Amino acid sequence: MMSHAAYVLASYAVAAATVAGLVFWVIGDGRARRRELKELEAAGIRRRSADASGGAGR
Amino acid sequence: MRLLAEGLSARRGEDLIFNDISFSLGEGEALVVTGPNGSGKSTLLRVLAGLLQAESGRLRIEEGPAEFDHPRELSHYLGHRNAMKRELTVRENLSFWQRFMGDSPGGFGVDIAAAAGAVGLAGITHLPFGYLSAGQQRRMAMAKLLVAHRPIWLLDEPTAALDAGADRLFAGLVTGHLERGGIVIAATHQPLGLGSTQGLQMKGFTL
Amino acid sequence: MSENSLAIRKFSDLANPTRFLALADRVLFWFAAATVLFFAVGLWLSFTTEGDYQQGETVRIMYVHVPAAWLSMMCYTVMAISALGTLVWRHPLADVSAKAAAPIGACFTFLALVTGSLWGKPMWGAWWVWDARLTSVFVLFLMYLGLIALNRAMDDPARSARVSAVLVLVGFVNIPIIKFSVEWWNTLHQPASVLRLDGPTIDPEFLWPLLVMAVAFTLLFFTLHIAAMRNEIWRRRVTSLRRQAVRNAGREAQGL
Amino acid sequence: MIALFLRDLKLSVRAGGGAMIGVLFFMTVVAVVPFGVGPDLNLLSRIGPAMLWIGALLASLLGLDRLFQAEREDGSLDLLLMQETPLLMTVFVKCAAHWAATGLPLVIASPLLGLFMNMNELAIGATMLTLLAGTPAITLIGAVGAAVAVALPRGGLLVSILVLPLAVPVLIFGVSAVYAAIEDPAPFLPPFMILMAITLFFAVIGPVAAAAALRHSAD
């Protein structure tokens, strides 16, 4: 049964690692995109519609 | 430093493209190669760049750095294609060429931001090269001439995709290079707006 | 329940990406919180329940494996519906949704495969058998990866949207066919000695943790999906702003 | 040189790059085999190493034709040819980058596929090791083919046809080393050493030949 417990632990570990990887990827991707948007905004480039539809996007 | 060509001729397949071309260019001198389509302007430049074997004749450097066996190693070649990757940003492209080419003896390349500024496109080096319009891509390809120092510039139809403003800007770059003691050989059928230059009229060679 | 109403709103009300972003900002926290809560309960339940007399401790793998497998299929369904949305209704968010779902679906499918393999080793003595069910999930995994590769290969979203939507739909139609053919192919070669992944008939002892975990995983999927959609919208904004920057630079240079 | 290596890596990871597609192709090819031969685990574990090797061989040929052709199309090849740095170094570095972007992922993915083929731990380890030693040779041979076909339209298929026969020794010694490791009587080291020797051999003559072909392909 010890080895079976190892399999159980391994599968939970893989699940945790995969989910964590996915979560970090999504968060990191979001951060990077937001940073790029900020940079572009700082460079004075603005969406034409953003002024009209307001800061609802962010 | 002096670039000498003596009796160059080149062949493409069976056809002799040009025959017995000689010139001698010193520091700060430019050669403008003109002629109709198919007269061998591009072929001449590719021979000078070491990309094509000359059929006969000699090409050499005098009073220059000793350890170079072919002038191509001291030359920038700006061909019809821009030699930039669409997937990479402008900065990545330029910094790659800067690091890969290194500087020839006797000068230094400018940094990337300054080079982009010199072609009037300072703010967009962080964008992928593929986003740029054709004219902007061409201008960034010219910025490549500035990031690594080469005494000899070989320019093949450099201003083909450019508007008048960019034309003037480019003439400024070339003049600057000449003033710093560089050598420029340009094939063109538009006037580059340079001052005193030697001219070479290619007539084409027919048997 | 809440994801249901979200789904309805997503298709009727949220044609405007900006509105979607606003909504995503509001709901993401609650989704994340609910996900964490359900996972806490689910994990607690799945480690405190008794083991199975036949399968021993390994039955606990089921609490991860079955939800992951369920999500791998649900995610593809979401993508197929999104693909329909792209092709039929030309909904601006449908393509974003399909694109954002692909990596998430691939991850869950990968998880289902790995945990299934980890379950299979002590049960069958082999990491992998070419059983009908496993094989069709593996084919599904390959399809996810192919779709991701396709999405990455085309840098212009407007053009790639319809192409990948077509592929998603073809895949969706094809999955039952693959499953049938594989099942037929498999029974031809191998007797039914292979243990089935759906395990023993479930009694309530296992049902509760399984259900809670399934809900937790589903919530996780929606949280990630909304966040990934938001990222995708941002990505497209960045792209269009950059193109705009290029045009601006052209104008300024002309002004010089 | 490092700049070139990094640029090529970046290019193959960026959108449209082929790094991921190679692994995917490898997985698909190997995964298709059981559908053809049937799900008999004993049979699969017996042919597994050979299938992995064939899959890796085909997958590493995938992006090879673009190795120089992409450079030629945008004019970069001209500049690479003109530099003071020896051309064969440039070719070698490009091969190294190509291998790191497409060959190495194949090696890393191979244990996973080994499990699918029901291979035991020893067989998986041996396959991984031989792939690690052998795939660089395929890339280096392929570079010659890619350089020869650089100026041809639709050179892609031609590269595969040119390169596959040349890669046969790599396949033979790679697979026989794996089988030697699994089956007791045959020693593992001799075929493995020959495989290494082939890789080193092509590491020397591959770039030289490719550089020569590139010099003469310019027009």
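Couple of notes before you dig in:
So that you can tell them apart, the chains are marked A, B, C and D in the order they are listed, and the count of residues begins at 1 in each.
Note that in this section a contact is a pair of C-beta atoms (placed from the backbone, for glycine too) under 8 Å apart; a residue touches a chain by one contact, two chains touch by 3 or more.
As the structure is a prediction and not an experimental result, all values here were calculated from the model.
For chain A, the chain whose average C-alpha position is most distant is B.
Centre-to-centre, using mean CA coordinates, chain C is 33 Å away from chain D. Distance between chain centres (mean CA atoms), chain B to chain D: 37 Å.
Here the CA centre of chain B is 53 Å from the CA centre of chain C.
Centre-to-centre, using mean CA coordinates, chain A is 46 Å away from chain B.
Annotation for chain A: residues touching 2 or more other chains are 43. Annotation for chain D: residues touching 2 or more other chains are 15-16. Looking at chain B, one finds that residues 123 touch two or more other chains.
According to the touch criterion at the top of this document, the contacting chain pairs are A-C, B-C, B-D, C-D. Contacts from chain A toward chain C in the complex involve residues 1, 3-5, 7-8, 10-12, 14-15, 18-19, 21-23, 25-27, 29-30, 33-34, 36-37, 40, 43, 45, 47, 49, 53, 56-58.
For chain C in complex with chain A, the residues that touch the partner chain are 16, 18-19, 21-22, 25, 56-58, 60-61, 64-65, 68, 103-104, 107, 110-111, 114-115, 118-119, 121-122, 220, 224, 227-228, 230-231, 234-235, 237-238, 240-242, 244-245, 248.
Every residue of chain D that touches chain B in the complex is listed here, in rising order: 1-4, 6-7, 10-11, 14-17, 73-76, 78-79, 81-85, 218-219. Those residues of chain C that touch chain B in the complex are listed here as 155, 242-243, 245-247, 249-250, 253-254, 256. Per the touch definition, chain C reaches chain D in the complex via residues 117, 126-131, 135, 138-139, 142, 145-146, 148-149, 152-155, 185-186, 189-190.
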